[in-house]
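Inspection log for the structure reproduced underneath, given as structure tokens.
Letters A, B, C and D name the chains as they come in the text, with residue numbers starting at 1 for each one.
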Amino acid sequence: MSEFQRPIRLGMVGGGNDAFIGAVHRIAARIDGQYELLAGALSSTPDKAQASGKALGLASDRTYDDFKSMAIREARLKDGIEAVAIVTPNHMHMPAAREFLKRGIHVICDKPLTSNLADARKMAQAVEKSDALFILTHNYTGYPLMRQARTMIANGDLGDIRVVQVEYPQDWLTQAQPEDNKQASWRIDPARSGAGGSTGDIGTHAFNLACFVTGLTPDSLCADIQSFVKGRQVDDNAHVMLRFQEGARGMLWCSQVAPGNENGLRLRVYGAKGGIEWEQEAPNVMRHTVFGEPTRLLTRAGSGADGQPEHLVRTPGGHPEGYLEGFANIYLEAATCIRAKQEGRDMQNETLLPGLADGLMGMRFIDACVRSSARNAAWISLQ
Amino acid sequence: MSEFQRPIRLGMVGGGNDAFIGAVHRIAARIDGQYELLAGALSSTPDKAQASGKALGLASDRTYDDFKSMAIREARLKDGIEAVAIVTPNHMHMPAAREFLKRGIHVICDKPLTSNLADARKMAQAVEKSDALFILTHNYTGYPLMRQARTMIANGDLGDIRVVQVEYPQDWLTQAQPEDNKQASWRIDPARSGAGGSTGDIGTHAFNLACFVTGLTPDSLCADIQSFVKGRQVDDNAHVMLRFQEGARGMLWCSQVAPGNENGLRLRVYGAKGGIEWEQEAPNVMRHTVFGEPTRLLTRAGSGADGQPEHLVRTPGGHPEGYLEGFANIYLEAATCIRAKQEGRDMQNETLLPGLADGLMGMRFIDACVRSSARNAAWISLQ
Amino acid sequence: MSEFQRPIRLGMVGGGNDAFIGAVHRIAARIDGQYELLAGALSSTPDKAQASGKALGLASDRTYDDFKSMAIREARLKDGIEAVAIVTPNHMHMPAAREFLKRGIHVICDKPLTSNLADARKMAQAVEKSDALFILTHNYTGYPLMRQARTMIANGDLGDIRVVQVEYPQDWLTQAQPEDNKQASWRIDPARSGAGGSTGDIGTHAFNLACFVTGLTPDSLCADIQSFVKGRQVDDNAHVMLRFQEGARGMLWCSQVAPGNENGLRLRVYGAKGGIEWEQEAPNVMRHTVFGEPTRLLTRAGSGADGQPEHLVRTPGGHPEGYLEGFANIYLEAATCIRAKQEGRDMQNETLLPGLADGLMGMRFIDACVRSSARNAAWISLQ
Amino acid sequence: MSEFQRPIRLGMVGGGNDAFIGAVHRIAARIDGQYELLAGALSSTPDKAQASGKALGLASDRTYDDFKSMAIREARLKDGIEAVAIVTPNHMHMPAAREFLKRGIHVICDKPLTSNLADARKMAQAVEKSDALFILTHNYTGYPLMRQARTMIANGDLGDIRVVQVEYPQDWLTQAQPEDNKQASWRIDPARSGAGGSTGDIGTHAFNLACFVTGLTPDSLCADIQSFVKGRQVDDNAHVMLRFQEGARGMLWCSQVAPGNENGLRLRVYGAKGGIEWEQEAPNVMRHTVFGEPTRLLTRAGSGADGQPEHLVRTPGGHPEGYLEGFANIYLEAATCIRAKQEGRDMQNETLLPGLADGLMGMRFIDACVRSSARNAAWISLQ
């Protein structure tokens, strides 16, 4: 058992009213007992904000109607929040984050970084000016086998990387969605979500994971994006070809109109000496082939689990961990970084926690997809 | 969002010193925010008990050297614990549970019920005399697809059940284990674990799950149990044939010496009209075949997820939940039952939470396996 | 390319009228071009025999109304058949085989050996008296990965074998079958099929494969067999516990009433050093685990395919071969043995082709299952 | 049983010397007994041609040193061959086929059509002038489940098709191959194979299968092709984006440098109402999802196998058929077409057998991939 550490005081912006991702962040923050949720501006509608705060057991004087008031007051409180989770629709990420960053409150922000490039630049300025941490929840990088994959590739186990196949099909937007679908409504509204639909919502995850695991530097892409459902204003399917500066090539497919796929993020990487294959829906196993040898099944916390950080192993192999534990790994390491920061050390790079740079690259990815497709799939630089 | 409810004050007996199952119980209790851990007798060694309490952030005056002192004092405290998790080796379940039960503190106890039948009878008396709840963590019944399976079978979707195939292979005890393996050492010591090795540790889970899902009444069994590793005093492999009162027949295999199996609990049930198949290591999907039709893949929270209790759905389909969430489901429903009990209602049966009856049946299962095998696989009644 | 060899002249008894297994034998004989089918007594009904002979392109003077006339005349022909495939219902295996064996014509006979033990003894006598070969088509031993498994175990790769789990579920007899189902009608008629239903039809395959792969000597079994479908006179489900003379224990389950299972033969073997797992429906891959190492996927003709006989490899890895190729492997090796025999050498053991001994053991298996079950699952010796 | 039909007299060009694909064609021709191989020009080296003919049991006067002499003499023989299988390296397809076509001998030719577009045009002329059939062995269209998929899509079961994901990874050319690897040497020699490497060898299969199953008309493509192995003159990996005239979009990936992939052809098609997924290495099952319903597993010859042609079903579900049976299906239907042609009827379209049009489209595919890539992935029309 490691030494007990006082839970970090956490606030939340967004996440009221049965929002999916807000609940996920709260569970992720609870799993390892490293946070206590004490304050929130949980909805932009005051009534809902109050009701949500009550439902979460927040004190009424720490349930805010807007994030700015929250940032101002919490920063002044003696026991104000040390960190805030921002789980609003995309267009509110920057305005909200900025208020906390400038007051030295650490920010754990959902992806993508913002809804547009102009906001992304403002977010960058806010992060750079602040002494607080900025962590972007590219949660799929929290899966232990993705850490092992990254380590294996960095160690040269696969040789020079040649081919990166990454895909992220879903099917929930196969049809025009009912008006009252809260999850869908903002995601397909360019004003709130940004110019990218599937590219922003899930393509950024796929792109980020591919870069995280391979360690390659994206060079350029060409894309053919579609809105198959009539009247939809953002893409619901995207085909992307990728080039990396080190010479590797890749393909990325994301879709929200692929019936039979629930949340099918899948990564395959091939090098001169071997290959790996992994699927998010079966996250406790990764196929690894050394060229010329039988494929081996590496499992979470199982035999051959070298390169899986010990602090991320909660249960022995065969006790499946999943999406929430992967997400919790981000929160667990964020706690480590926040405490280190409070003692003057910066551990974000060391822990591999995604942050501003990942967010900016994700925004370039969305923008490049949209622009490339508008130019008939011309190559667009990502640098 | 449902209404906020004050977390239940929880204590723990056992679970110090990096014990596997203690940590699992703590995570399971945290995931839904329904408990706060406030007191513990975490080890039978005072130094370790103190160190463990400190590591978990318990107040020093609520870190106890023994469970009896803990039960006495907590029962007297105005804000004493309302429930206690008992996660010791098997032989301590009864002595510990008894102290809390008699003082009206609800007990959440790890399985199997006790290490022997005499203790099981004492436990039964203690439970029956007490007004407090007794919940046994047969956690695999917490998987949403196992709930759906139970509902489907109860609804007659599979027709009259004919065949039940359940198995639970592991491989971690394939070789004689090192002396300092804490997980192994007590599990293979009859004095602490009981007469059953694999039968007690994992066979009871398999047996319980088969009964839970099918709703059948076990009638009798015959067993051939083995201790393949030289010098091992308890079984490490068991072959069991089952008869149910309704006429169905079954087979149960549990093993801790099956290389390549991490935690391979698997249940298959076949009736006159259809069949289902499910594996714990891929818990988010269940195969269902209506005889004469293509097999359908039912997923957690996916299309066709009728019969999965809404309160157990944290994330949409495709966001894999696993062992810890299944375990948390038991804790979540235990919280519901505890609160109902505090208001005078008994909801344990309604929520399907395992309890004393399951524990007693599990003990009869272990005992019958051992006795049957000693009598050359004679049939032993389970009634 | 190996040297050309004149195709062996082949006859067939049974297999007319769209019989399933007759067509399979004919394809298996054709795949490698080592046989030409020239004569047949394809049905016990003369009209059907003639029509079937015509449909297969047999000369009219080599289309016989009964197997005895066929044996007599073919044995006298200068270019008479050298071998005969016997693919009748079980009760005709012995009477037919006997006629050919006593005239020196090699017999390739479908399993099980006969429909009862008395016939099995007569078959044994006929085989022992004859100089001709007797090959029993336990075709699943023809899969290259089952050969590799046998070699691996013989080499000690798995250490001393401890546990053998074999199962063979199907679902096609889940309901009472229509009267006109030719495949079903004789299989569930004790007079034609024998005392065993699922035990004879598929249990013998499972039992044979387990023995073939492990090389273990079966010692005894106890069984609980059922006829779940009302009015059925033979078993449609069987649960069996096995003991081997070398100390290993096993379980066998066969069923024809398990909805969702088409032809689910599956073998798992565990020893002190490792384990293997294989399923007939995905026959081109076998899981192999060295204890303490990641599971490796061995593939047909792929990397790590040591122990797969070169003469059984028709296509590179990834070009799936299946049931018919496995069956053809038996016919291919039978051709090798027949030619060797014609030159005075006996190669049947060397090629591992199943024969009389396998057939007799299969009959003991069926008989023991039936007798054990009648005695409430008492242990019955297989020696 | 269907009526017996005299086997078709078959010749072969190429396929000597342990060539992989020649042996496959011979097995495919044998499986259903519809052909007898009587003549061959099996190698361009006279000694090898003679030795190969002998090894295959051909009469010496029907073993030819060159395909032209063979075509001339066989056309004059009273019992000369009725059809010829051409299984040479790509650059010899046209010269060989032409000789037989002009003499009225039906041609069954391996893919791709030729090694270059000029030859393809000559082949087209030869086919168009001839009254003989020209069948191209895009064997993967022979899998029963691919026929069912085509029928389902044609029936509108998936709604309007939106997305087509097809891939074909292999790993056998991951490293520079040894000089004496006969399979590799001509495939990576542009003079014999053509301008496409992986695009020609396997990309054409993937492209053809996608078009066959969906029934869509390819409009244009853009491609990024690579030769990752130093010194290799043809592509060993290709990333392709596809547009279809009906509005669907697709991606195609083929690779021969993807470690861990043996022969991983995989097709996924998504429409407005549903999706299907299929993998060649597990060809007996296809996933089918009606949007909003659980995924169903359709199996070869199993429940729900509507749309699988009866004449292609040799064995019941669960008896896996594979690559060779899929290939044999092409030969079986070719026999039907040849006999119909001999009676004056043209059945090639009706049977869906691939022919000249598929071959020309395949050549356009290769050419477009090469040209697009040379122009930095510009869109190239396929019309």
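Just so we're on the same page, a residue touches a chain if its C-beta (ideal position, glycine included) is under 8 Å from a C-beta of that chain, and two chains touch if they have at least 3 such contacts.
Molecules present, by chain and UniProt name: A, B, C, D = Glucose-6-phosphate 3-dehydrogenase.
All values reported here derive from a predicted model rather than from experimental measurement.
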B-D or A-D - the one linked by more C-beta pairs in contact: A-D
Identity of the chain that, by mean CA position, is farthest from subunit B: D
Centre-of-Cα separation between subunit D and subunit A, whole angstrom: 43
Averaged-CA centre spacing for the pair subunit D and subunit C, given as whole angstrom: 34
Distance between the centres, which are taken as Cα means, of subunit D and subunit B, whole angstrom: 55
Contacts with 2+ other chains: residues of subunit D: 261, 288, 295, 299, 302
In the complex with subunit A, residue positions of subunit D that touch it: 158, 162-163, 165, 167, 171, 174-175, 222, 224, 226, 228, 237, 239, 241, 243, 249-251, 253, 255, 257-261, 268, 270-277, 287-291, 295, 376-377, 379
Residue numbers on subunit D that touch subunit C, as the complex places them: 1-4, 6, 16-18, 20, 23-24, 26-27, 30-33, 51-52, 54-57, 170, 172, 261-264, 280-284, 299, 302, 314-325
In the complex with subunit A, residue positions of subunit C that touch it: 288, 292-299, 302-304
